[in-house]
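Okay, handing you the structure first.
Chain IDs A, B, C and D follow the sequence of writing; residue 1 opens each chain.
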Amino acid sequence: MSIWEYANPVRFLALSAKVQPFAWAAAAIGILVGLLWGFFGTPDDFRQGSTVKIIYLHVPAAWIAINAWIMMLLASLVWLVRRHHVSALAAKAAAPVGLVMTVIGLLTGAIWGQPMWGTWWAWDPRLTSFLILFLFYLGYIALWEAVEDPDTAADLTSVLCLVGSVFALLSRYAVLFWSQGLHQGASLSLDKEENISNVFWLPLIISIAGFTLLFLALVLYRTGTEISLRRARAISARLEPRG
Amino acid sequence: MMPELGKYAFEVLSAYGLSLLLIVALLAVTLRRGRRARAALRQIEAEARPDGKS
Amino acid sequence: MRLTLADVAVARGGVPVLSGVSFALNPGEAMILRGPNGAGKTTLLRTVAGLQPALSGSIDGATDAVAYAGHADGLKAMLSVAENLSFWARVYGRSDIAGGLDAYALGPLRDRLAGTLSAGQKRRAGLARLLVTGRPIWILDEPTVSLDSHAVTLFAAAVRAHLAQGGMALLATHIDLGLDARVCDISSWASLPDDLLGASDEAFL
Amino acid sequence: MIALLIRDLRLALRAGGGFGLGLAFFLIITLLVPFSVGPQSQLLSTIAPGVLWMGALLACLLSLDRLLALDFEDGTLDVLATAPLPLEAALAVKGLAHWITTGLPLVIAAPFLAVLLNMPPQGFAWLVISLALGTPALSMIGTFGAALTVGIKRGGLLLSLLVLPLYVPTLIFGAEAARRGAAGMAVETPLFVLAGMSLACIALLPFAAAAALRMTLR
């Protein structure tokens, strides 16, 4: 039973129907436990005071924002190589979720950084990279909406995703270079955890797991929606008398 | 029960508030759009296969 | 150097339009496709021209041998007729455009900007482009649109000359050109509404 | 291929071909800056490299949606796709034609506009070099964007939305090189990265653009 089985929409919907209840439940539990524990159960950081609690939103959101684009990239590759509709529609379904997570990452990052920087927005390399990622998501979604024929749309958005990913990486290093101005930035990882003592660690992991499951559940459901739209379109295309 | 948030209470609460608001909005839009699309599909399927065979 | 189609199926917008299309065109022959609007004439012509992939079946003899004339003429308004034609000639690795100009009596319009031509004159210039490319297989989609009767005879003469030199032509048109060409109605190949044939919508039905 | 280049250049030079469009836009943008940020020459000279680079970038962007859309409407793209000329080569030539008609004039005009912004003269050379290295990438990325949006009605706005994020790395390194040149600092690092990116764009993007175009023509 190779995974290509699930490229067939009918079988995908069956699988999705089975998985979704667990995904939604586990996501809810993960997020609730992660956030509540983080919010109520952890002490303040000596330096940042209580703003450190924002970590339980910022890091998971940033984590999803990045991985959603990576998932879209893989789905686009699968569409271009194997022409499986479900993967193209899954990429289309994931984009808005990635966009919202990027916005949350930006918001929480700016608010969290505010005490240290004294302003709501600072051109910090990480925040700027997220801003660029936000633009990529916007362009991707806009291209999906702009093209009428679903197949052409899937093709063009896949090409944009491939080329965009290369430029996103380029922008990442450009921003690092530009903000230091003189030398290459030290850390490459986007969401590098500060040196977190374990009391913060566990709720963070749970929260990340919760967000990941939420992403999974959302994408499964939204892909189902895209399949329904596509099926309705296919049937109506055949219903109209020809010519 | 409410933890002492210190002088950054506004920041922390606004961050949580905005983020959760965005997530709830995303959920609402997703579910509403999903329900409407599925209903439209059922309606078209009924039209296409009045005798119910798929 | 025959053009052969074997059991070709084509789709438009994910819906199969024609299936089981099989015919062969020998040098010196022409074929006219007839059929109602939206029956798939343009789709079939674009598939033979290689602009879009066929759903199934095979097309032989078309690669690098086709000159395609769609609804638009491919003329640049700001270039003169001569400049347009010589550009297309050079793209196909040739240079003489005299043949094209004479065949469609475009001599006097030679240096007029394409933008200033009437629809009929533009169409003649567009058709002259086929001559200039020197490609053996002409694929024409409604070539006689906006041509007056005199221009139609010119066009028919040009096609006859092309066939005489061993060229081939595949046209979609409703006008009787007086060519001794096989005429076939493509609705005989129309695919049934329930046919799927791997069209991109198949996965969703 | 040369035929396509000559035709495009001739078209651009003809009336309405839009040859001077990019240049005029670049001039206007640069003139507006002092009005917006005030005439203090010290301020202007510090932001001059960045302003000139942004002006050049926007001028390139402006003339992109005409690049393929006209050929799409009058059927030229359909015929080009069936011509012996590979589509990749045709699009590379399109990018080159765009660079010659839009990019090059910007590079030549930049120093004169730099004077208007009181940019230190020592930076003129580096400004020109960085623009000369960067504008080909802008043209090639733009051609890719145009190929993506050619089939879309009113694709011009979408083209900008898709292309601007792709322009960010070129802008950062290009403006950085110009700024360092003006300040007399070492320019090697940004300049070499810029050159590397441009070469990569010129080499690889025609293939992506041709793939996108084939999908649209399908």
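The working rule: a residue touches a chain if its C-beta (ideal position, glycine included) is under 8 Å from a C-beta of that chain, and two chains touch if they have at least 3 such contacts.
All values derive from a computational prediction rather than experimental measurement.
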- Weigh A-D against A-C on C-beta contact pairs and write down the one with more. A-D
- Message: Averaging over Cα atoms per chain, report the distance between chain A and chain D in Å.
- Response: 31
- Between chain A and chain C, the Cα-mean centres are separated in Å by 47
- Would you mind pulling out the distance in Å between where the CA atoms of chain C average out and where those of chain D do? 37
- Task: Calculate how many whole Å lie between the centre of chain B and the centre of chain D, each centre taken as the average of the chain's C-alpha atoms.
- Result: 42
- Message: Two-or-more-chain contact residues of chain C, please, as numbers and ranges.
- Response: none
- Note on the structure: Going by residue number, chain D touches two or more other chains at 218
- Message: What's the complete list of touching chain pairs for this entry?
- Response: A-B, A-C, A-D, C-D
- Message: Applying the document's contact rule, which stretches of chain A touch chain C when the two form their complex?
- Response: 8-9, 83, 85-86, 149-151, 227, 230-231, 233-235, 237-238, 242-243
- Write out the stretch or stretches of chain A touching chain B in their complex. 35, 39-40, 44, 48-51, 53-54, 57-58, 61, 96-97, 100, 103-104, 107-108, 111-112, 114-115, 214, 218, 221-222, 224-225, 228-229, 231-232, 235-236, 238-239
- Sort out for me which residues of chain D touch chain C in the complex. 2-4, 6-7, 10-11, 14-17, 73-76, 78-85, 217-218
- Query: Across the complex, what residues on chain A touch chain D?
  - Reply: 132, 135-136, 138-139, 142-143, 146-147, 151-152, 155-156, 159-160, 162-164, 167-168, 170-171, 173-175, 177-178, 181
- In the complex, chain D touches chain A at residues 144, 148-149, 151-152, 155, 158, 161-162, 164-166, 168-169, 172-173, 176, 189-190, 193, 197, 205, 208, 211-212, 215-216, 218
